[in-house]
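Two complexes, one shared chain (chain A), two partners (chain B, chain C).
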Partner chain A sequence: MNSADFIALLPLIVPALASVVLLLLITFSRSHAVSVLFTLGSLLLSFLLLFVAGGGTPRRVTPLFIMDAYSLFFIGLLFIAGIVVAVMSSRYLGERSMERGEYYVLLLLATLGASVLAAGSHFASFFAGLEILSVSLYTLIAYRRNDDRGNEAGLKYLILAAASSSFLLFGMALVYAQTGSMDFFQLAEGGRVPDLTVVLSAGLLLITVGVGFKLAVVPFHLWTPDVYEGAPAPVAAFIATSSKGAIFALLMRYFSLMDLQRFPAVWYGIAGIAVASMLIGNLLALRQNNLKRILAYSSIAHMGYLLVAVLAGGTVAKTAVGYYLAAYFATMLGAFGVIAFLSGEEGDAENLEAYRGMAWSRPWTAGVFVAMLLSLAGIPLTAGFIGKFYVVAAGAGAALWIPLIVLVAGSTIGLYYYLRIVAVLYGRVPEGEGGAVTGFPGRVLGMTGGILLTVLTFALLWLGVYPAPLIRILQATVARLVP
Partner chain B sequence: MNPMTPGSYMPTEYFPVLITMVIASAVGFGALFVGNLFRLKRAYREKLMAYESGNPPLEEPRYRFNVKFYIIAMLFVVFDVEAVFLYPWAIVYDKIGLYALIEMLLFIVVLVVGYVYAWKKEAFVWD
Partner chain C sequence: MLPKIFFGYFAVVMVVLSLLIVTRKNPVHSVLWMLALFFHIAGLYLFLNAEFLAAVQVILYAGAILVLFLFVVMMLNLKEEVMGERFGKEWPVGISIGAFILVLFFFTINKFSQGPTGQYTIERIKAETHTKAIGSVLYTEFLLPFEIASLILLIAIVGAIVLAKKTK
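So, the complex of A and B:
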């Protein structure tokens, strides 16, 4: 490893180092503000270092990592998500009497694990990144120690993630047994994977199980609503965005390098998962009354939409995935942000009925929430619309008619439950004692919440109205992924 | 090193392992099964009791441990794994040289930070 390799890896080294330093810091000073500022500072520094690292790209740093424009874009997205989650958590934890410092250590490590995935080009870094991410999440999910649902969620995720990791590991072993290589680029070399043998297809199937679990696509989605419900709202936001986005970045690199779309069995398998996720995710969300569970099912459906773009393949599809993920990150972080900032000490503000008539007493908060929901539904003028438009364009270019029909049908079903929340927000305020109109009982957003959510809403509208700058960035980064 | 043609590889050289596994489990389960067919079954209270080297069992085998034991167990695993890494490192140290020294120092420093954390957190204090 020479100095150029070192510079290319700096964006990954900084959060790794920061987590160790923060661990040392909290042993001596348990100040919450110091932990938050340190976390934000190191994530911001890592983000800025991406531009330094960008000078030497594309660069292979040991067989484990590839620092190219593609990985830099996704790592940047993950760092921004990490910063947003840290800001969300600062208020969430600040009001609760919990151990606070450890949370930020784990958040830094989880972000590091996700970034390792985005830059991974080898089965070893794939697995190491996945484990750094998962092990941090086990603890983060169960962070509300005195909450029964939190403990249930943590245990559920621990057992299922461990099981899925073993599937993944065995799948990797089989692919290695077949091809003699764990390096994505060596696997991509012509002639190494000429056709789908029994061992190779078994390996790919097992890898699909492991990855499918992390992406929470049907039929590996059963843990999602329970874990989202039990996890603290900022952690749920992290699982919905960073954890899935990183796996998706790696999956797309792996797919396009190995050109797996050319095997009908793989193609139909992914198509089946995509169609099932879009339908079942949306259908199961219809009758939920818990906001976190609705968002969980919604995220299942969104992963289905994204898989349609992966099926399409090609440059347009890569831009579509990049755009969709950026829009999805902003929207999901915003939606969970509203829940996180409105949550009091007695529990997260997740009950839909508690929001009835909120728009009359809190027009701005409700407005932000409505913007997020409309973006999730894919209504024009929001980022979600442009993202979905790109996915449909990519799918139409590859003539994927059946997945596209399901995508449109799924979005229509989705409209119902997103608009149902909007209807509750603008619904009649239940009359209190003596006919007095009661306002929304929950907390106010506060300064941090107000600023963060305003920024996210503006980002959402900006991406929805004027998508050209981001598309230019995507064409210079994600779309240039070596096929 | 790797004479097999990619894409056509079936792990046939492991076939004897499979046969060994089948025969081994057949012998094992077969012995249990045949023994079950012929042996006398005369159970009485003392015979069914848990074997405690002749003493009558004192209590139920499942009772609650103090939660502190789990912390001790966790710390043991963390710092014991360190030793597992140190042995192979010591063996290949000659071949890798300075690079290996820096790597291992980094590893130990991270562990020491964990140790300081556990110490300050009073994980080593029993009461």
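So, the complex of A and C:
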């Protein structure tokens, strides 16, 4: 490693150091504000350092990391998500008697793990990044220790994540036994992966199980609703966005480097997972009355949509995935943000009925929430629409008719339950409880919440109305991933 | 012939021990059978010219981690669990997943063909010795993931403290 390597790795080194410094800092001062400001400052610094690191790209730092425009884009996205989650958590934790400093240490490290995944180009960095992410999440999910559902969610995630990691590890071992390399770029070289032998396909199958669990695609989705429900709302936002986005970035790099789409078995396997996720995710969301569970099922369906773009392959598909993920990040963070900021000490604001008639007493908050839901549904003028449009365009370019039909059908089903929430928001407050009770108890978003959600809503509308700047960035970064 | 007999012994005993671990009613017995299993795994590592792994397996897993397991099991003082049903209602699901993986591995092993070899062949490891090979790779090429792995331990410590701390 020389100085240029260190400069390229700075965006990863800073959060790692910051987490240790923060750990020392909280031994001196348990002030919540100090922890929050330190976390935000270090994430912002890491984000700015991406531009410094961008000067020397593309650069391979040891066989483990590749710092190219592709990884820098996704790391940037993960840092922004980290900042948003930290802001969301600041009020959430501020009102509860929990250990506050350690939360931010774990949040920083989880963001670091996700970034390691986005920059990983080797099975070793893949696994190390994944474990940093999961081990931090075990604790973060169970952070509401006085809540039984929180403890259940933490335990469920711990056991299932450990089991899926063992599948992943064995899959990696089989792929290594067959190809003799753990380096993605060496695997990409000609002749390493001549055809799909039984051992290689068994290895890929086991890796799919491990990765599928993390992405929460059908049939590895069973943990999702329980964990989202039990985790604190900001942590659920983190699982829905950073954890999945980072794995997706790595998956796409792995796929395009090894050119796995050329094997029919792999292709049909991914297509099957995508179709099942789109259908089952949307269908199961229909009967839920818990907002966090609805968003959990919705995230399963969204991963299915993204896999359609992966199937398509090519430059357009990579732009589509980049755009969709950016839009999905903004939307999911916004939706969970509303829940997090409205949550009181007695529990998260997750019951759909509690929101009945909120639009009449709290029009702006309801408006923000509606914007997020419409974006999830893919209604025009929102970022979600442009994202879905790009995915469909990429799919149509590759003539993926059956997945596309399912995508459209899934989106139509999705429309129903998103609009159902909107209908509840604008619904009539039940008679007889007194007209003065305007539906929603006296929680307001507060300053931080108001600013954060306004910014996210503007980002959402801006991306939906004027997508050209982001598309240009994507074409300069994500689309340049070597095929 | 002799290595084959030894391997056969280790393989069969490991399967039997694993079955004993999951079927015992008393968790302390399970942990003790696990101890025996870890020793056998260490024996298997020796067959693979991996003497460093074998030593680590005995020192860390059999020595440190299992003692921790025993502590936890004794601290929990599982009286009712020992009396109750050993398996939940879902055991057929578990068995069928296990059977599926078994069939998968059966086909995999049958069709196994050696691909291109990696950097460290058996001859090279025999010449260089396993411990030295691991050391030189771990502190040069894989220094970075080694550092990252240390972070995982840090996270685990922080997490354990947060979760175990008494609420005010």
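Basically, the second predicted complex is superposed on the first by the 474 of 483 C-alpha atoms of A that agree within 3 Å, B and C clash if a C-alpha of one lies under 4 Å from a C-alpha of the other, contacts with A are read in each partner's own complex, and residues count from 1 in each chain.
Keep this in mind: contacts are C-beta pairs under 8 Å (C-beta built on N, C-alpha and C of every residue); 3 or more make two chains touch, one makes a residue touch a chain.
Fair warning: this is a prediction, and the values are worked out from it, not measured in the lab.
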Chain A: partner with more touched residues, chain B or chain C: C
Chain B versus chain C as contact partner of A:L373, first or second or both or neither: neither
First, second, both or neither for A:T27, with chain B first and chain C second: first
Touching partner for A:D195 - first (chain B), second (chain C), both, neither: first
Which superposed partner A:A18 touches (first chain B, second chain C, both, neither): neither
Touching partner for A:A301 - first (chain B), second (chain C), both, neither: neither
Touching partner for A:I80 - first (chain B), second (chain C), both, neither: neither
Partner chain(s) touched by A:L112 [first = chain B, second = chain C, both, neither]: second
Touching partner for A:T139 - first (chain B), second (chain C), both, neither: second
Where chain A meets both chain C and chain B, residue numbers: 20, 23, 177-180, 192, 197-199
Residues of chain B defined as touching chain A within the complex: 2, 4, 6-11, 109-110, 113-114, 116-117, 119-121
Touching residues (chain side chain A, partner chain C) in the complex: 1, 16, 19-20, 23, 61-65, 97, 99, 102-103, 105-106, 109, 112, 116, 124-125, 128-129, 131-132, 135-136, 138-139, 142-143, 145-146, 154, 174, 176-181, 192, 197-199, 202, 205
Chain A partner contacts - residues on chain C that touch it in the complex: 104-105, 107-108, 110-113, 115-118, 141-145, 148-149, 151-152, 154-156, 158-159, 161-163, 165, 167-168
Touching residues on chain A, where the partner in the complex is chain B: 20, 23-24, 26-28, 177-180, 191-195, 197-200
